[in-house]
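Here it is, the structure in full.
Read from first to last, the chains carry the letters A, B, C, D, E, F, G, H, I and J; within each, the first residue is number 1.
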Amino acid sequence: MPDRTLLEAFATPSDQPFVIEHISDEFTSVCPMTGHPDFASVVLRYQPAAPGISASKRSGKGRANGAPAGGCVELKSLKMYYQSFRNEGIYYEAVTNTIRDDLARMLMPVWLQIVTHWRGRGGIRSVIRAEHGKVPEQWKTL
Amino acid sequence: MPDRTLLEAFATPSDQPFVIEHISDEFTSVCPMTGHPDFASVVLRYQPAAPGISASKRSGKGRANGAPAGGCVELKSLKMYYQSFRNEGIYYEAVTNTIRDDLARMLMPVWLQIVTHWRGRGGIRSVIRAEHGKVPEQWKTL
Amino acid sequence: MPDRTLLEAFATPSDQPFVIEHISDEFTSVCPMTGHPDFASVVLRYQPAAPGISASKRSGKGRANGAPAGGCVELKSLKMYYQSFRNEGIYYEAVTNTIRDDLARMLMPVWLQIVTHWRGRGGIRSVIRAEHGKVPEQWKTL
Amino acid sequence: MPDRTLLEAFATPSDQPFVIEHISDEFTSVCPMTGHPDFASVVLRYQPAAPGISASKRSGKGRANGAPAGGCVELKSLKMYYQSFRNEGIYYEAVTNTIRDDLARMLMPVWLQIVTHWRGRGGIRSVIRAEHGKVPEQWKTL
Amino acid sequence: MPDRTLLEAFATPSDQPFVIEHISDEFTSVCPMTGHPDFASVVLRYQPAAPGISASKRSGKGRANGAPAGGCVELKSLKMYYQSFRNEGIYYEAVTNTIRDDLARMLMPVWLQIVTHWRGRGGIRSVIRAEHGKVPEQWKTL
Amino acid sequence: MPDRTLLEAFATPSDQPFVIEHISDEFTSVCPMTGHPDFASVVLRYQPAAPGISASKRSGKGRANGAPAGGCVELKSLKMYYQSFRNEGIYYEAVTNTIRDDLARMLMPVWLQIVTHWRGRGGIRSVIRAEHGKVPEQWKTL
Amino acid sequence: MPDRTLLEAFATPSDQPFVIEHISDEFTSVCPMTGHPDFASVVLRYQPAAPGISASKRSGKGRANGAPAGGCVELKSLKMYYQSFRNEGIYYEAVTNTIRDDLARMLMPVWLQIVTHWRGRGGIRSVIRAEHGKVPEQWKTL
Amino acid sequence: MPDRTLLEAFATPSDQPFVIEHISDEFTSVCPMTGHPDFASVVLRYQPAAPGISASKRSGKGRANGAPAGGCVELKSLKMYYQSFRNEGIYYEAVTNTIRDDLARMLMPVWLQIVTHWRGRGGIRSVIRAEHGKVPEQWKTL
Amino acid sequence: MPDRTLLEAFATPSDQPFVIEHISDEFTSVCPMTGHPDFASVVLRYQPAAPGISASKRSGKGRANGAPAGGCVELKSLKMYYQSFRNEGIYYEAVTNTIRDDLARMLMPVWLQIVTHWRGRGGIRSVIRAEHGKVPEQWKTL
Amino acid sequence: MPDRTLLEAFATPSDQPFVIEHISDEFTSVCPMTGHPDFASVVLRYQPAAPGISASKRSGKGRANGAPAGGCVELKSLKMYYQSFRNEGIYYEAVTNTIRDDLARMLMPVWLQIVTHWRGRGGIRSVIRAEHGKVPEQWKTL
């Protein structure tokens, strides 16, 4: 079951803007209609919030799971979070929007983009792109 | 015979904008002049209408085939729709424009793009691009 | 319906051994179980019979369709023959063995090999290899 | 000899804007200086004129060869036109500009672009890009 | 849990020798030591037993699960069988040998080869090759 | 230990703007959490300061290590600098920001961009992009 | 018109065996049936005759065209010879066998192989392989 | 020694704007520090001056070497010019700027771009981009 | 310092012959002459000893480090062993032969092959292949 | 001028057979007929002589240049040797045979193979393969 409490963050290590991209080629979930597994590459791109801003804005969030909030997602926690979809029956679009929402809530980034590339079924491959905040134009088709 | 009544839709699952791309590498139709088969990859890209807007605007459409209208095309129905071109004698341009029109009427998307890549004949490969609504600049050459 | 009477041959143009390879990337038939189309690349390789031998051995064959027999398959007739499978419900193995049998009967080659590469279904791609006569070792895995 | 009377057109089949791309990997002409053959891939891209506009504007053109004018170039006639350069002694730039001029005169498109990719000589490959009308920015480097 | 009773076979459709290859790019199991998922492409190659031989030799086998035995594995059953490893904690070598054993028992082929290509962990990718019967030399490194 | 005193520069050899790109496929450091080595390709892109401007503005910088400052980084010194990270326990983001800062301080460029492509861990590859000055839009996603 | 008198040779420069391979990606001839151009890559491979042997055996050959015979084909003459097929109406098999015969007669090599890769027509690509002398097994499928 | 007097030009053959690109994969010079050879691909892109403008503006230039000036560089002369760097001890940046300056002086183009891709040394590959005039944005990163 | 005591093994899990291949793309050591780092992909291939044979033959080996001997190398221990070369000054050939010797002593395999692919220096890439036991012919050049 | 006295060797570091492969992508010489530069990738493969054998057999060789003989070629000396061809007017075949002879004399290997891949001229690429000793079959076409 997708479990966003697995996600952990650490404070943005620089006050200058930069962009982080994590590409997982090993995402799998289950089609809720057929019960067959789906396979995807999941691309996460975001510009983390500046250190100070993220700290102050987050303090009152009252995050349910008590995990420390922060500007950058910790890599191993991201991997565990992705693995929590393994046996979930869930459509392409819901996977993409769920990941976008969970990470945006956690990271409060300047902008964030999720792109899922699905191996496809019945001869049709699919790509779903979801955004949070103002994603710069040049990233939108990548 | 191309049959748009095969298409089915489901409601947009998010009220945040996102882009859907479906790539079929298994499209085939027949050249009306020579009777030889044509083969193409068909790329569909669109930004679905927001959930509320699409629901209200569509209610009075009186769609002839009674199929439920919606914001996102259902994948298996898309595959069956593409298969309905299999033995149709129809030119490249007509295939591309027909698919564009049928899907735009069904989905009422913010924008939609159809790109057909044909294996070609006589040493000439072809790509046809058709649009509905205001396709963002950066998608136009992809 | 697969129609071997479409095949035509011409006499081997040289009395020195040589090998002919024709690769069609545009083969399609229909799955007899699901009714969905299948797509394949079909590779035909063979060493044609020597001119004299093939002429004399063939004269008494009494071929049903009266088409001229010969050592090399005519390319356009091969294309038409492949197209005759377009709407046939037939399994991978049967396609491969049928083509092997039809061409071997027609061409009486020293050896002949058919390799079909299928785009696959449900995440599984398939390759079927069938042979006639003594195919040299080094061709068997290509 | 390059022969633009070979070109034929048909009326634009849609009143919505779309873009057509034809790629020929089998173009050859002759270097006028050395007499050696040159080989190129020729890319033609254009947005055809709208159906009504092209009909009315063209009626008074008095085209010398009497061929029917139209919005879209017929594929087989394009192939024959390209073949008419086969034994012509002509430079890269002249090939590119000639094709641009002949097709622009014939099709009266909204815009048109010709890109020729030459295999090169003496270790230098070349690409020549010519335009007619206002080619959108994003196409210019493709 | 790997479940060989999911496998189904059908009679070899030809009495001439041929080779079947099925490639699944969507295999996943779980590392028994770390609990993390493993991902592999699984290649199955085999030469099915001749129709008559396989029928007679198999009749007295008393196969525990009562499933019909045969010369060729049915594709959808192979897919379901592979999916039964999804949540199994099992090492690379055991996966490879288990698949080899289950299919060899079922198909009684002339020869059979299983090659598993694993995406790897800690910067090390792995390939495991297992065989049944006398696999021809030229297949052994593919 | 990352050692910026290893970096050396030479005066910009032209007063016309140009862009320099150096790509090192052999960067390695150590993960501070696990102690395992990390591997990256590091891309440095920058537009050097004009010759005169960089000379005058730099004269009062009082650079600690006394090395000559300049507009362009000397290649061998860049290699030695990268090698100084070899046994350093340091995160992806810190590597990227450190290199950006050290080179920007040294070169005082019009703009500068560092992109690090990491081979990844646990099935997730990462790319980090950091900037100094006003990097032109078209470079930002490369 | 194919003109073997264009071919020139030079004496084998070494008395130790070696293998020469020339690959021309710019071969073109004309289909005798349709009049359309054909395009091919032509691969020539051979082991030249040893210097002494080829000299003595050739002296009494009385070659019709009086051109100097030798162990290795001169590259520019090979190019001119290939160009002489440019406007010839000739089938794939005849091209391959003609080149094989002309070069074998000229070079008297230990062995020689001609492989022609044709871009194809109607969706079928072809490869023709012809041999002279005893071509080692490992070259036969390349 | 780089010798710009080797360059020759011919008049722009069209009064419509077009872009010329020449790619040489065979550039070599010598590192002035180590004496080892450097290898590069050199890309030249430019929009030639319009025929009339270039003629009139150039007439009073008093070009030192007396060679005819023009809008387009002649290909063989470009090759000879590049070869004149073969044994020159010269840095990457100087090569790039020298070629830019020599060609810009000769061709007086609307704009011109030189991109040199160096095979690199010590594990670092380099790309240098120099410009003359107003190079359109979309070319700058190619 | 290369440390073979890091290697661990486990008993061969099958008494049928199979082949194991592990590919590490992240090997690095140091050139003893220049002090610069070297980078390699290391391929290990072997056929493990049969379970019974390896157990009995190994019992009297008196392995110095007391680690359990066995037929298959444990993956994580292999990774740690490779990492122990990180700061060792050692030539390509010595790396390859050392790994071969350490693993052969540990695993007592039927055969074993080590192939190291080095990124190279000064424009020369290198591949070193070492063997233990009778490596089958078809593996020798892979 | 090709200078074999630049070559240096070191003693074979192992008494077990292994194979060494060095690939240089930066070879250049000059065509003696046209004066234009030629570019090649040069592949050297060999099995070095066993340590003892090579030492004893070589002692009485009386090598003219006094350089130390040995079983393995030193990499930097190989690079300098290749560079000595830079301005030599010499044909493809002579380059290949000269390198083969110089290295075979120096290294006295069990076997040695030189493969030169030339970028080609006039649309024809070439590969020359020369051998010393008994090169195993499987290497001959690589």
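Please note the rule applied: contacts are C-beta pairs under 8 Å (C-beta built on N, C-alpha and C of every residue); 3 or more make two chains touch, one makes a residue touch a chain.
Since the model is a prediction, treat every value here as computed from it, not as a measurement.
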For chain J, the least number of touch steps when starting out from chain F: 2
Same or different contact residues where chain E meets its copy chain A, judged by the half mark: same
Between the pairs A-C and D-G, the one where more C-beta pairs touch: D-G
Inter-chain centre distance, chain B versus chain C - centres from mean C-alpha coordinates, in Å: 36
Chain centre separation in whole Å, for chain I relative to chain G (CA means): 46
Distance from chain I to chain A - Cα centre to Cα centre, in angstrom: 39
Chain C residues counted as touching two or more neighbouring chains: 25-26, 36, 39, 119, 121-123, 138
Chain contact graph, described as a line, ring, star, complete graph or other shape: other
Each pair of chains that touches, named by its two labels: A-B, A-C, A-E, A-F, B-C, B-D, B-G, C-E, C-G, D-G, D-H, D-J, E-F, E-I, F-H, F-I, G-J, H-I, H-J, I-J
Chain F - residues contacting chain E, complex: 36, 39, 119, 121-123
Chain J-touching residues of chain I, taken from the complex the two chains share: 91, 93-94, 96-97, 100, 120-132, 137-138, 140-141
Interfacial residue positions of chain H with respect to chain J in the complex: 25-26, 28, 36-37, 39, 83, 86-87, 119
Partner chain G, residues of chain C touching it in the complex: 13-14, 16-26, 72, 75-76, 78-79, 136, 138-139, 142
